[in-house]
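Chains: A, B, C and D, in written order; residue numbering restarts at 1 for each.
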Amino acid sequence: MQASSIQAKFIKIRSNKIFELIVITVIIFSALLVGAKTYDMSPTLITVAKVLDWAITVFFLTEITIRFIAEPRKRDFFKNFWNVFDTLIVFISLIPADDTDMAIIARLVRVFRVLRMISIIPELRLLLTSLVKAMPQLGYVMLLMFIIFYIYAAIGSTLFETINPVLWGDITVSMLTLFRVMTFEDWTDVMYETMEVYPLSWIFYLTFIFLSAFAFLNMVIGIVVNVMEQENANARKELEIESGEPTLTDLANQMSQIQAQINQLLDAKNKSS
Amino acid sequence: MQASSIQAKFIKIRSNKIFELIVITVIIFSALLVGAKTYDMSPTLITVAKVLDWAITVFFLTEITIRFIAEPRKRDFFKNFWNVFDTLIVFISLIPADDTDMAIIARLVRVFRVLRMISIIPELRLLLTSLVKAMPQLGYVMLLMFIIFYIYAAIGSTLFETINPVLWGDITVSMLTLFRVMTFEDWTDVMYETMEVYPLSWIFYLTFIFLSAFAFLNMVIGIVVNVMEQENANARKELEIESGEPTLTDLANQMSQIQAQINQLLDAKNKSS
Amino acid sequence: MQASSIQAKFIKIRSNKIFELIVITVIIFSALLVGAKTYDMSPTLITVAKVLDWAITVFFLTEITIRFIAEPRKRDFFKNFWNVFDTLIVFISLIPADDTDMAIIARLVRVFRVLRMISIIPELRLLLTSLVKAMPQLGYVMLLMFIIFYIYAAIGSTLFETINPVLWGDITVSMLTLFRVMTFEDWTDVMYETMEVYPLSWIFYLTFIFLSAFAFLNMVIGIVVNVMEQENANARKELEIESGEPTLTDLANQMSQIQAQINQLLDAKNKSS
Amino acid sequence: MQASSIQAKFIKIRSNKIFELIVITVIIFSALLVGAKTYDMSPTLITVAKVLDWAITVFFLTEITIRFIAEPRKRDFFKNFWNVFDTLIVFISLIPADDTDMAIIARLVRVFRVLRMISIIPELRLLLTSLVKAMPQLGYVMLLMFIIFYIYAAIGSTLFETINPVLWGDITVSMLTLFRVMTFEDWTDVMYETMEVYPLSWIFYLTFIFLSAFAFLNMVIGIVVNVMEQENANARKELEIESGEPTLTDLANQMSQIQAQINQLLDAKNKSS
């Protein structure tokens, strides 16, 4: 009975606007702390930062606990991706990390607290969800792109390995070099080097650039078309609802009524005559 | 009485085409003067430029005064953003700036006079207004992008600070470095440097490039979709007005009339029989 | 009488498919000759090239003469932009150019013969016409971009001239440097150099990049929207024509007929009763 | 009779899901083998790789044979592009290549086996087919772009050959340099070099960048519009089918029925009176 009253209280807290504001403030503050730690700090400030860090961890732990207890069915809590996400970030930062080898990892984990910004702001959560949803539709274009990269990396590694093992040593390094070529980053330096041995190797680079640019373009257009279609569908629905204009089906129904009325007239006529 | 007659005269001047042309000419001339001053000039020319500068300031002051007096309600004058903008630019250039430390600032202020070009040409003003209007809708994508930059900058600063403090010294510098990576400007040099210490750091750069490119793409698509929707809405309205085609609602109304007529027939029938 | 019979013959030639094919072949051949001349050639080949060059000039001159004589009204010939274009290219290449100072200019003029490819292929002509038509609509965005460049170049030249006069010497050079920054070409080198004197000068570069990118994006979207609108308008018209579907106006007319018929009924009723 | 029973068995195998899965697995495995060979391997591993290579070749040969025998009409087998493609890849890798000069070519041929990934996955095949279909529509834009490149390369080669023969030696090299300029890859280095001799040569580069960017933009917009149109056409058809909404033609037909009914009424009226 008591537990349920606590739960009721926590549900109240969870949906309280002030509580939400405090959580956002603490998240922003923890983000600023992460940034501040990248500057040189006096020993005093470092101690202050450690205390604040500890305070933030405690606050986050409390917040998650409140949310967990406020959840009517405990199973559902972990069915929500963002709850799992928040819990993970909080619990990982609980791992003790003294000035040992783990110190740097501990610092990195604290950086990910900034990601809680996404989980707390509904608009950002929506944005990310829509991005993830767009992903699988692009799967095949990305597979095609990977195949293009793989084949060119295999050819590059086979032909150019002896010319520059740093750039073309094995297939992984070659793929990184090809990504560099795709971003046009000093790609001519890479090309001129191999052209000294194989004067026709510019064909390799130009065909690669054309193919990857074409596949990339295809990907972008795919996303644009997807987004447009959704927007159009939404717009069409909104238009129909907002304008209150009758649909063609409405008109057809109205006509059927007219036909029924005329039939009535005809029947009356036939009877009377 | 006299004041109001001056006002009437000034309202006439303000809406005079020739007055407007003279203002535009002076603005263009002041822009050319700004450009000319960046070249080496003989002492005579410098004196001439100073005199012209002073003349332009006086002209602008006169023009703003005319506009201000011509305004029926003085409060409304400062409610218009462009009036405030023009007044500010003119008044700041009134601040005396001899060959002291202020000289360079005075020169910079005069550069902003070129911006009056935007306030005087209605089409440019419209363009800028529409750009500013598009901004808030992109707010969340930009926030997401900032979070991505912030997290990667924090990670980069934590891991790579000892490798190259110039690029990864603190979070601000790291964000600048990441912007550089995003523009693909010698990004491989930055990467190869950190790969010597952390051979897997290419994952850091590639995930960053993909995430930021994806967020950027999202922003662009957001703008395109927004613009398209507005254009479509406008086009639809224009089409309806221009073509003079009846709407579906018009047709439904016409049908209701038909139904009323048939009902009349039926009533007449019933009465007669 | 005789002149007109020659004209009739020439009109026949002009619209002859074989004649057109020969012209295209000669144009392509002249383009190849232009390309060939950029390679090192033996003295014999140079002589051959000169003869061929002369032959091509004669051929083009003949072709233009045929077209001119075939034109019924001589005035209309020069009203067509492409005729003027062709005539100019042919006549300029008639200017004698021995191995004097004019030799290089003469060679350049011959390069422009390749442009005749555009004037002879209708699809390319159409493409170019549509590009030129799209231009004026982008006028204001380009003016805005120029103003952005001008203001930043003036500021850059004022502040950074003493740091690197090669990049920021005067407003023209500064605009070229800014264009380089806009293409992201080693822009960080330019920035790091000025940041040593003005540590906050990254604000100058970042705001410039954002503003110019935004204006550029605006321009691209403007073109896309324009093209889309035209395509949609065309598609709508084609759809209406092809599908043979009645318009809403047709339906409204049909309904008016129905109403007239019912009125007839009502009249008959009234008369009979 | 026996041959036909084998054929029947092979048709069964060909359409067997497990058979398809095995083929995909072997293709992926052969792709991994291609990648593995780019790493340094111990002599034992090299022997293993050779054996695996031989095994894969035998497997592919068997697979193609099964497909060929399973084909009812042998002619149709080679009418399918992908069958020809698969057969070619398999047969070329049959060419014996010991550690002679042919070894490197043999290795390259094996790389192309990865392309069988495209021929085996229908979605990738579809993607590639649609890409190839989009090509011819872009033909004229690409021709225009080639003409731009050709003219600028001819001018560049004529004017700048003496400045830097490596970049502007002949028309082919000049076109490669211009492609580099188009990708903004250290293009200012190329420009600054020629500006020392021809101070106005920045006009050459800027006009080239604008023209090529414009033509490229045109190409991208062309693709986008094409894709959009197809999508819109598909969407419209789907909408009509799915929604079951009557078309305007349906409504017009229904109205004609009403008119016929009213005419019946009028006829009855006329008869009775």
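Just so it is clear, a residue touches a chain if its C-beta (ideal position, glycine included) is under 8 Å from a C-beta of that chain, and two chains touch if they have at least 3 such contacts.
Note that the structure is a prediction, hence the values are computed from the model and not measured.
Visitor: With over half of the numbers shared counting as same, classify the chain C/chain D interface as same or different.
Guide: different
Visitor: Report back the single chain whose CA centre is most distant from the CA centre of chain A.
Guide: C
Visitor: I need the rotation angle between the copies chain A and chain D from a CA superposition, between 0 and 180°, in steps of 5.
Guide: 90
Visitor: Counting only Cα atoms for the centres, state how far chain B is from chain C in Å.
Guide: 29
Visitor: Mind checking the centre-to-centre distance between chain A and chain C? Centres are C-alpha means, answer in whole Å.
Guide: Taking the average C-alpha coordinate of chain A and of chain C, the gap between them is 41 Å.
Visitor: Any chance you could list the residues of chain B touching two or more other chains?
Guide: Within chain B, the residues that touch at least two other chains are 184, 186, 224, 228, 247-248, 251, 255, 258, 262, 265, 269.
Visitor: What residues of chain C sit close enough to touch chain B in their complex?
Guide: 140-141, 143-144, 147, 150-151, 153-155, 157-159, 161, 169-171, 174, 184, 186-188, 202, 206, 209, 214, 217-218, 221, 224-225, 228-229, 232, 247-249, 251-252, 255-256, 258-259, 262-263, 265-266, 269-270, 273
Visitor: Quick check on the complex: what are the chain B residues that touch chain C?
Guide: Residues 31, 34-35, 38-40, 104, 107-108, 111-112, 114-115, 117-118, 121, 123-124, 127-128, 131, 176, 179-180, 183-186, 220, 223-224, 227-228, 231, 235, 244-248, 250-251, 254-255, 257-258, 261-262, 264-265, 268-269, 272.
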